[in-house]
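One chain, subunit A, appears in both complexes that follow, with subunit B as partner in the first and subunit C in the second.
For the complex of A and B:
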């Protein structure tokens, strides 16, 4: 079972705030998911190669031809607040 | 930093913006100084449904740096997501390489007081840059996303550096190599090359690493040297007083010359790296690597060695000339056509570099072509013009870009090396100064200087002074 501190840490990472009821609810659900994966991890996979990202075909690479930029007015339309062509956000000092 | 009880251990992370035609995962054109938010698209903005497609050129450039720093190039590397929330990153994750970087295990050679030393490179990987924030104190922050998705390589050194000065030497080398390869303009102030420093101290002789602190925001070589010294001193004081070092990240504040704490270990990030599901693993075959190897020019260290051997230049001269590829190329053309390596080196290191500084221009756009400078050096060496006239001709060539011979003609600066012309001039000068002539013959030989001066004045500086001297000695008698 996840601890209260772990749930709070996950809240912080996801930038969400849960009330106590929700916290209890998600604590159960998330713990179930982790338990499920733990069960899967018990399967002996020695001798098997990971197929999560199997290379079945060569990745397509882009040759550099510039273009496709959006018009600034259209981009800024989506923003809650702007100033002189910039997106405006609440003051931040600490850089993550 | 000569305290013997502690050893300083420094590792550097360099971020270099690649000079690609387009961004790393989309077709936007990176352009420093463009109007804010005019170089962005759904991909670099992280809009829903947009998919990244890797730019081949960025991989080629990263391989180039890998080969230049003698790294192994991975046949398969992989992009991962590094998750964090910050307004400069609209996707809420950076696409970077985590456990499978493109280049591994290289080195950079630097000169130290104890001879050359290799600083090992742990890895070089590709990633996308974040946007740029401007902060107004107490007010809102402004975000420009143009820089989002500009390709970066991160070059991570092993903790092999011992002093701030060594850190700078390493960075100067890395910067030179990036510029020689033409893959990054290496401008610290504009941020196309950025540097984070990890510092720890350990008891001398110990092989274990102490707790490290990180300094970010170092945007000049001077700041790096000062920042490192500042932090080393701080850690030493803490340790000597019996305290322990806390793992923190500091920002260098250039204005006050101080470190400002940015975050402590408790606030350390939890990036939750996982493989980027929108990108397949990157495969690089031998053919690609060989092709890139052919694109690599002679690198600064090899060039310096060749200059010492081929042109018999000193360590110092070859270092100065090779610092910039354009200067080194310019010098070589001058030296080849004059056949006078040391003289050519002196002209390039003094006159050319001074002129470049005064004009604020790069060697590539300098008005005097190397062939023309070679012509000028030949005119001085052949005694056609005097050394000081050479300076005047050079000044005129910078202004007009004209051929040195034409300038000499235009300014009437040819030296008089015709002895009959000079003899006539000497005769009339001796006739005009009988008293001085008498005293000279009585033993006041210093007066020869007076006569040479008269000849130079009479000829308006154009007489070949050596020749004038000889004629005077002959004509004045003993």
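For the complex of A and C:
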């Protein structure tokens, strides 16, 4: 079972704030899911230890030329807050 | 003439004879939507003006040449449509209108298709019942008390209820095939890289594929022909020309080698579905196919592997919803608080669970035990499939262990919900094509589906086998 500290740590890493009720509910559910995916550790993967995922094709790259760019105003229209053609966010540095 | 009931190939014929106009077909679909969708809830947004305007524009030109001329299509709400809502059924993207079209949307429009609306889904495609939508539930057209499956539940329900001949879905672990099975329609997920993901809102980038949900196998091939192929905006698309996927249709299954997993009795499969599977094996043998049991990759390992990799990728992909760039922001005094509150209030429970799980398996101390191990298991599953497809043309198995379930029945039990993907995730893990065809009904009238998988890039063979199943089950009564 995940401890309170563990789930709070994951919340912090994921930048998701849970209220206490949700945290209680998720603790049990996440522990069950972790238990479930832990079955992976029993799978014998000898021979595949260092193998990165195989691909039978190479990704193809286009030429390094600008293209298909989006209009700035159109993109900014979708943001919650903007100023002078930029995204606007709350203070990043503490006032004190 | 009920035009909304027609398949794509039937509509193409009618257009060829000049006996119908695109606006009549669109109107017929719009009428079906207004008659039925209040109850079913397949659509998050219908675009009657856009669709009729485009239909009238198309009427000025000839129907020749364009593969989807005048064909109305519904699009899952995680596929970007320029200046039209694309919310992924999430509160965090409420009101978001992308400034560009997904490549698939561009290709559909170039082929003459008419986009009629956006369909409901589990939030960010996470779920197997469409109940995780932040906006509405969708009901199974065959029985309104039952789930349509998910995550492309709106798309499958819209096609099953004859509101449109085709809808696009996306499939990360079964999200096209599972709802297709539960709603009694055809759902195709191509080879990874077959269809461009540009403009598909990312869930798990190494697994996601867009594909068609249709009522016939031929329609599935026709749509896949249009949407597949290399795209400079998606470096993972397969460079080779896919070729015409309708070529295998009508060839039958003579001399095709079909494998059936040898350990299916391990799983709790619906009795009627078991009967159908047995019957199908007999009929395919009669038709000249060679059918043998094989050792299939461990399905339990496959689903565990899937939930580690998919959620790890999701935790990274969904980091972009931070309250800065799109739609929803929770008010806060500092930027850190804004991130945490925006995401805490904007995401639904299932999305939060998955991001948290993905964060956990990638975090220091757990990375090797979970994420790295899952990648090794993935490599092993890929190699096991390679072995199977070096001997066999197709693998046949159920799409889902049983028929649909009641709305609300599984929503509080994530693991039980995850297990409805037990037969579908391995195709995403290995990147191989797979599809679900309607195979019949339970005594209570709920659809059942059979799934075929094929080797890497072998969609033509997959559709060839699927067409034979279509004949056996006679679901395409036309």
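To be clear about the criterion, the second predicted complex is superposed on the first by the 88 of 96 C-alpha atoms of A that agree within 3 Å, B and C clash if a C-alpha of one lies under 4 Å from a C-alpha of the other, contacts with A are read in each partner's own complex, and residues count from 1 in each chain.
Criterion: contacts are C-beta pairs under 8 Å (C-beta built on N, C-alpha and C of every residue); 3 or more make two chains touch, one makes a residue touch a chain.
Here the structure is a predicted model, which is why all the values come from computation and not from measurement.
Shared-chain residue A:92: touches subunit B and subunit C both. In the overlay built on the shared chain, the residue A:62 is in contact with subunit B and with subunit C.
In the superposition on chain A, A:49 makes contact with subunit C only, while subunit B stays out of contact range. Of the two partner chains placed around the shared chain by superposition, subunit B is the only one that A:83 touches, whereas subunit C remains out of contact.
Taking subunit A as the reference chain, the count of touched residues is higher for C when subunit B and subunit C are set side by side.
When both complexes are overlaid on chain A, the residue A:70 reaches subunit B and subunit C alike.
Once chain A of one complex is fitted onto chain A of the other, the partner contacts of A:36 are limited to subunit C, with no touch recorded for subunit B. Shared-chain residue A:15: touches subunit B and subunit C both. Look at A:24: by the touch rule set out above, it reaches neither subunit B nor subunit C. Shared interface residues of subunit A (contacting subunit B in one complex, subunit C in the other): 9, 13, 15, 52-53, 57, 59-62, 67-68, 70, 75, 81, 87, 89-92, 94. Partner subunit C is touched in their complex by these residues of subunit A: 7, 9-11, 13-19, 22, 25-26, 29-30, 32-34, 36-41, 43, 45, 47-49, 51-54, 56-57, 59-62, 67-68, 70-71, 74-75, 77-81, 87, 89-92, 94. Considering their complex, residues 96-100, 193, 206, 230, 232-233, 235-239, 298, 300-301, 304-305, 307-308, 315, 319, 322-329, 332-341, 343-344, 347, 349, 352-353, 355-357, 359-361, 363, 369-370, 373-380, 382-383, 414-415, 418, 456 of subunit C touch subunit A.
Across the complex, subunit A is touched by residues 20-22, 26-29, 35-42, 45, 53-57, 59, 76, 78, 83-87, 133-135, 138-145, 216, 251, 262-263, 267, 269-270, 272, 275, 279-283 of subunit B.
Across the interface of their complex, subunit B is touched by residues 9, 13, 15, 52-53, 55, 57-70, 72, 75-76, 81, 83-96 of subunit A.
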